[in-house]
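Each of the two complexes below includes chain A, the first together with chain B, the second together with chain C.
For the complex of A and B:
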């Protein structure tokens, strides 16, 4: 593994389009459910342990070389909201383009050809990590961290929240990110033997419901 | 798990009786799980799950299996809400529901709420395995605590397979001991009742439902397969049922 490659992939400035998405924070701010650092932290914690953990396990399994089409199907089954499935594929397509330019690999080309509309982003993230010579836990770290850093960054813009406070939220969540990564990597390791049913399937009903409402807004700052 | 808890299984098998109706060649339950046939309507057989004891309590393991053969139609309800309670042991309780519907069969699985009482610890799994042309209406409702009560720990996994392909796999964990943030703005946002209504019809493959929201607390969505899901959150069981009933009526 290369520590520097991990930093490149996990960098918020990696050109994969994630900055246009709030991870549900925009809808939560509008509904008055995120009003400051404390509620942002609670939001991020819930997202981390549900969709974040699922994304981390999918990414870890893809990094281990599990068939991407099985993982993509597992991601569909764990994403009831069609708005969120569409977002995951759009982000997957954008990440694929960036990854192929950054770490060219036959495997990436093959998956890009197999999913012209994009595979789920965490699956592509795992494949990108694999092409960069990174391991399953590295891929899980990227996905788990992204599940909280996206909403935190978006909330700075949405609420004019002090960026120091938003970063402190991420620092406070760090031990839980570590734990989620351990659980995700452990589950990913069982997929070869037990199939994709071994992957976590944590759901966040309010995120799912509000994603559908948000997709119907005529004007919004973030795409999701 | 230790041997301290109660193990109980109920089994229901429904098949086409060849005369336009549905017969129940298997209808059995033991201990706290009793099953009764009630008056059906038309081709459909109706069964009521009757809890003969309270529970599940910590350490208990209940299993309900229902199988609907080709062309049969079964509707299953329950006589009352199920209340997860703390047991004498610290072990978690398990409640496993296994549903199978063959091609051309139809199952309506509409039990009353599952209420998680303070101090309880329950892991529920509901796995439905359907043939390509099987039909299903499945409702699941979880209520966190009796009136004004803190809930116990409740983990509920719902998995749907159609023709061998997994179309839905969701696990909701809440209550003390669940991963953090379960009551926060991303997951339940303080709501005390959460439910799902799953509708499977092969017609949805060609004509999926249109995604829509039902007020603040519910959404109807097409899954990545011939199925629709309604997810709802509400302050209490009554309002949750109202949302799910409203959604169910829209599928009629």
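For the complex of A and C:
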């Protein structure tokens, strides 16, 4: 593996469309569930251990070479909200474009052809990591970290939250991100033998429900 | 003006590729940027009216937090609704048109797939600051729209939009006498900032309207298809 390649893929400026999404933070701010650094931390912790852990395991499995269509179906089954499924595919398509330009690989071309409107973003993330010469844990790190860094960045814009406080939230969550990555990579390692049922299926109902409502808002800063 | 090389892969083209995945030549893409309220959407609407009889065209809007611009174009019925797509920008149009163009590229490609073949796609940025420019991976040429009411010192201040855009449009010239803007000074300052790059002074309320800008677009299209 290359530590520097991991930094390239995990960089918040990697041009794969994430900047237009809040990871549910916009809906949570509007509902009064995120009002400052402490509640942002609670929100991020919840997301990390549910959809973040699922995303990390999917990414790790894709990085290990598990069939992307099986993983894409597994991702669908673990994403009840149609709005979030659409977002995951849109972001997967955007990430695929960036990955193919950054780390060209026949495998990426093949999956892009198979999913012209996009596979689930964590699956593409794992494939991108693979093309970059990274391992399963690296892919899981990107997914797990993204699950908290997206809402934190968005909340800085939504609440004019002090950016130092938002970054401190991410630093405080770092040990938990490590733990989620370990669990995700371990589960991904069992997929070859046990099938995709070995992947975690944690879900956050409020995230799913509020994403459906958010998708219908006429005025919003973020796409999701 | 554009990078012309054949894509070496199947599926969606990457950024500036001049050809689509099936090998056909893609539409010319022209970006329109500029400060809030300078008349970008009105210029896009006027261009659609001027060109829609002779060209197959589509529009992508990048609003800051609503679908206002897309809705304006739909209300004005300048194009059928399926030819207008709104991209959401997470409060940062300049990010979506310059730093992370993936959503815009997808919107452009989807329009070509769904209503193509297209000759021209206009990509409009939400109102932003004087440094907001389009990535060369997204558009082949860009128009920067300012207006006389925003202050006649904008051309002198310069900035990447005023200085480097392929065409600078100074809009709402009919308002100049009412807001105390000196068009001669604006023209001289723009010349100093832009050397040989063209500048159009326009009032969409005048009879000439968008004629000069439409002629410039036609010339870019002639180059693109040559």
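Basically, the second predicted complex is superposed on the first by the 224 of 224 C-alpha atoms of A that agree within 3 Å, B and C clash if a C-alpha of one lies under 4 Å from a C-alpha of the other, contacts with A are read in each partner's own complex, and residues count from 1 in each chain.
To be clear about the criterion, a residue touches a chain if its C-beta (ideal position, glycine included) is under 8 Å from a C-beta of that chain, and two chains touch if they have at least 3 such contacts.
Remember, predicted model here, so these are calculated numbers, not experimental data.
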Touched partner set for A:24, first chain B, second chain C, both or neither | first
After superposition on the shared chain, which partner residues are touched by A:203: those of chain B (first), chain C (second), both, or neither?
-> first
Which one hits more chain A residues, chain B or chain C?
-> B
Which partner does A:43 reach: the first (chain B), the second (chain C), both, or neither?
-> first
Touch check for A:61: first (chain B), second (chain C), both, or neither?
-> neither
Touched partner set for A:218, first chain B, second chain C, both or neither = second
Within their complex, state which residues of chain A touch chain C.
-> 13, 15-22, 90, 93-95, 97-98, 100-101, 104, 109, 112-113, 116, 154, 157, 218-223
Residue set of chain B touching chain A in the complex reads 157, 159, 165-173, 179-182, 184-189, 191, 194, 211-213, 216-219, 221-224, 229, 231-233
In the complex of these two chains, what residues of chain C are touching chain A?
-> 8-12, 14-15, 64-67, 87-92, 95-96, 99-103, 105-106
Provide the residue numbers of chain A that touch chain B in the complex, in ascending order.
-> 24, 28, 31, 33-34, 39, 42-50, 53, 73-74, 76-78, 80-83, 85, 176, 196-197, 200-209, 212-213, 215-216
